[in-house]
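Presented below is the structure to which this report refers.
Chain nomenclature is as follows: A, B, C and D, assigned in order of appearance, with residue numbering initiated at 1 for each chain independently.
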């Protein structure tokens, strides 16, 4: 059994499986739901297989078709990749279960193929070992995401999707430009080779600038987040969940990888800039979220704020590398679970009452207890209250900041949590009270409620799994060894 | 100044022009075209920089990349156009919804 | 020691406490008398006995010996009379409602008499105090409530002062609060002066010693006979008893304080005589009597403090003296109360009592007129002052709820100022 | 891992599991819900008794689970833990009975009891926490699980109260988190240790430690309702009576006070904290709170609001006791943790009974209520006298040790505070008693319900009587073995005298 598990090249499976599933869904629209669910479940199993493989054998590297870099395409997976893959598979599965009941026949036929394509793109992205391959997968992911965002049709959704598409393309092109410069300078696309060869030069700085801007745009870091709220808020609930939970993480992953391997050692104050932008994102996003009167927009702005946290790690990594990066990884993972749960819960509310005005939530707690519970639990993780994944992430982040006496960042981290509590409980408070306008109610399938709840529960559970998860992420030493012990 | 560098410079110019157009123009078709111009600029840079100093033969890899890039660009453009058409059908104007008020 | 009467010891306190529960005493004939019976048995039981209760509060105990028996006899006599008087006036509908308070007060009184240490005494006398409040106000009319409130404020302030004294004592002795231990320990420590001040202030308030007798006179005016009967025997005697037990008389010479107390005693007697001559209705006679007699006792205490040798010489008389004092006051009150009943005295009113003295009543008129001639200026001056004071109180009481705050405040501030002065004096 | 290591976890589970099951019960499964509630409470009580016996015989009960790399979730039953644990376990049982009676036929009972159990789980976790991060975890869980109880009624007022509660507690939680992480970066450990774990820290860290202390106390002070962080408590009165009881006596306020005790004794260590010069400001703060709360209580006509301000005042006795930083004052502070709980829960039960039976919410409506509900008012009277500090109710014991401890530590000013507080307590409690017992009743009660020939339902009447008797008993039997006082002396000894 063990031999068999380590013999299969799980990376290839992870890319081909959803792709094949997507094509099958496209070909047999009537069976799309079943095919889609089976594919996603198979992906989940494959990720476990890959995880087992990595745990036993260490870093996974596979040259597709036997062609090695620079000409061939390498697949590469270490702890960080595995974390992202696992998050994708888990959240993806949860959202798939939800979507199975959410989309009606016609929508389902369109949703499943694109979603599986997106899944394939995401998996490929997390497994890529060279910068150009990352571009292709990034672009693929972007296109699939845009298509999903447009799924709902109508003015808002199409407008949002269009804006998203333009931003996404612009980001990809900027990134590609950077790739060109890097290749020109060092003659390689492979990240590992670049890491060895790269040295500070104007071209590298230009590449860093272009790639960063492109990726920040796609990650929707403040102030480049303008496209996110309309796109995320107007898409169908499961799509919003996918976009917020996974898609923005794709581009962030690339940035993180590049930073860790190529740009990080160069220094030069960019990390400070990232930290500043992250700060801006946390404050601006949280304040905007507090101001919203619509639930979905609130959740979308919350994503803007939470993305800021990921970037707080950059300025801290210089002297507390492992802690800061572990924090970022943990925040990414728990945000994926929590934000997906939040959007799914929002979808339930929307379906139940036909609107998402916060002031008129009208005792959702009584009428959709599981959904309200899911929202609250996800909120706990977003706020960073213990026990939750968000708490672990924030704890590590605070620890990294405090060891360096970065009081500015400490206060931002704390303040962000308080503001998050503000907007989460704004919703929950109204969910308990009787509204002026009582709304008509529509049945919400149990599966949809449970999917949201289980995802949220996963975010909570992460609070207890920090040790195993972080040891898994540490495989292949993605974050280096520059640990400053407390 | 070598020819390759000139090409690269032109590529940068195209990229910048495209960016300008993307931001300035409200009409979606113009925006899509602007994106394509930007893409061409990048491709030009890639091709031009394939002629690396000291080597007689240009590097083949960037060419392969450009081909892949073009494929991606085409599909992106197709998606963009579809979206634009749908949006136009929905709103009657080929502009981003928020821009209509201007 | 004498373990045989263990049960009785407990019963004389527990019995009234249990009977205080309405469901119990409403099913028993003569509950008030019934509750006193164990105490009666204890009196006739020969010999000394004691019971240690280490589990109670910080460890306390009960004991009866020759000295305590004097007080006990007095208490039982007074309580039996009170119970009988109340029983005979059963036409009062408030009787049933007063019974629990009667029994609580009884339990407190007996416990305080028997307690062998400071905390036990303090606890039971507090219980007695609050029970007394119930007895005073149970009649339910506005005047009774005023009297009750006044009594309550004095009680609380007194308890606070005693509490501080207790803490000082505990600090000095390391937790052992037996009377003997405390008296010896407090005789020779730096905190003994503060302790003396606190304890004396507390007991002065509790016993209604001049100049803090205000609650006594107010209460007398409004309470029924069964209650006023107890006023002499219970709080006054208990206050004196406490002072004797808590303070290291005979062991410490504290001349200044002793003299001050003696002067206060003299002043109390003078005051009482003055009041009696100025405008005393018959009802108020026991009040001035009480004030005068307690003034006498205060003089004795002051003497004891100033001249320990004298105290030691006459110490054996202390308990009989207190007992007879209580008995005397109760008898006085009772006699006058019966007289009053027969004469159908007009309803007493707090204001009118002061303003309209019943001139020309019986043989008193001659003396009064004589006093009027002699003390005209003084009296009118004094009356004006009194009137003002009464008006002030009246206004406070009539405010209702805000008054509560003012009391709280004024009591707090007074307390603070007082304590502060004492501390300052100690420090300087 | 032997059997002893699982008991703390089982204690947690004994309320967590019933709570989780209850969430999914239909509204009408009343019997099953009641069975689960009571069974959980009884199992917990049994486990706690078992541990009490064990700790007394030097057994160690400790559960360790890895939470973060280098940081563990530690549940440990020490003497201090057990004091709070026993209190909350017993009061949970009583409050559950009361809540079952109180919420008879009201909607959303499953939700209510679910969160109720979670709340107790969090409290028990707070009690058993063996390090600061575990404490933090359960402390926040407590915030979260009480919020739905505060807003349970679902009215606009309730929502506002809940909002105020959250603003305060989240803010406090953030400060606590900050202090905790900071401490961790300085020391690398958060394990509660008798007499603190900071003694080896260098001189250069002292300013940082002072700030950390301030952060931790501010974070805990929110729940302990230290002025000026007390604003949420009076507002939270809109919650149903069992919740108020829980907030004031068992869980929230207590968790804050308990945390302060923990921080001073087991994080900083009394001597170290006194050396830092942080205990005296804290003592002053506590004193201010004591007086302020009492003063505000004077002006409240709403009975529950008056009690709420009284809580603000009384809970600070605990803080004051530990801040005086002497062995005797410690006894007073720690034992008040138990005593205040019993007395205040009695008062709130009684207030709930008045509201539920007669519709009385205001002090001014209470005239003559003693005749209509003698047993309830008897319990109330005992509780009120305890608050005033009259012997032999439990409050006297607390006040005694506080005063004695203050004198022993040479801090005479505390005596003034205690005296002032006693006076004020008397000033706002005695008028209530007077009104209830000695004034003529009004013609009709605001909203009267009849319960046959009883004054109110059994489930409503028994809990306050039981807690009042306990408050009385703990005062009278203070020197008996296994009394809270004895246990507090045990704790103080451990903190001050053991080598």
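Quick note on the criterion: a residue touches a chain if its C-beta (ideal position, glycine included) is under 8 Å from a C-beta of that chain, and two chains touch if they have at least 3 such contacts.
Computed from a predicted structure; not experimentally measured.
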Following contacts chain by chain, what is the lowest number of steps it takes to reach chain C starting at chain A?
2
What whole-number Å value describes the gap between the mean CA coordinates of chain B and chain D?
67
Separation of the C-alpha centres, chain B versus chain C, in whole Å, is 102
Euclidean distance of C-alpha centroids - chain A vs chain B, Å
27
Distance between the centres, which are taken as Cα means, of chain D and chain C, whole angstrom
38
Show the residues in chain A shared as contacts by 2 or more other chains, in ascending order.
none
I'd like to see which chains touch which, written out pair by pair.
A-B, A-D, C-D
Where on chain D does chain A make contact in their complex?
23, 65-69, 73, 107-108, 111, 133, 136-137, 140-141, 143-144, 147-148, 151-152, 154-156, 158-159, 162-163, 166-167, 170-171, 173-175, 177-178, 181-182, 184-186, 188
Which of the residues in chain A come into contact with chain D in the complex?
363, 365-366, 369, 373, 376, 380, 383-387, 391-392, 394-396, 398-399, 402-403, 410, 414-415, 417-418, 421-422, 425, 428-430, 432-434, 463-464, 466-467, 470-471, 485-486
Any idea which chain C residues touch chain D in the complex?
22, 54-59, 97, 119, 122-123, 126-127, 130, 134, 137-138, 140, 145, 148-149, 152, 156-157, 159-160, 163-164, 166-168, 170-171, 401, 404-405, 407-408, 411-412, 415-416, 419-420, 423
The residues of chain D that touch chain C in their complex are 298-299, 364, 371, 374, 385, 388-392, 396-397, 399-400, 403-404, 407-408, 412, 415-416, 419-420, 422-424, 426-428, 430-431, 434, 437-440, 475-480
With touch defined as at the start, can you tell me which chain A residues reach chain B in the complex?
70-71, 132, 135-136, 139-140, 142-143, 146-147, 150, 153-156, 158-159, 161-163, 165-166, 169-170, 172-173, 176-177, 179-181, 183-184, 187, 189, 230
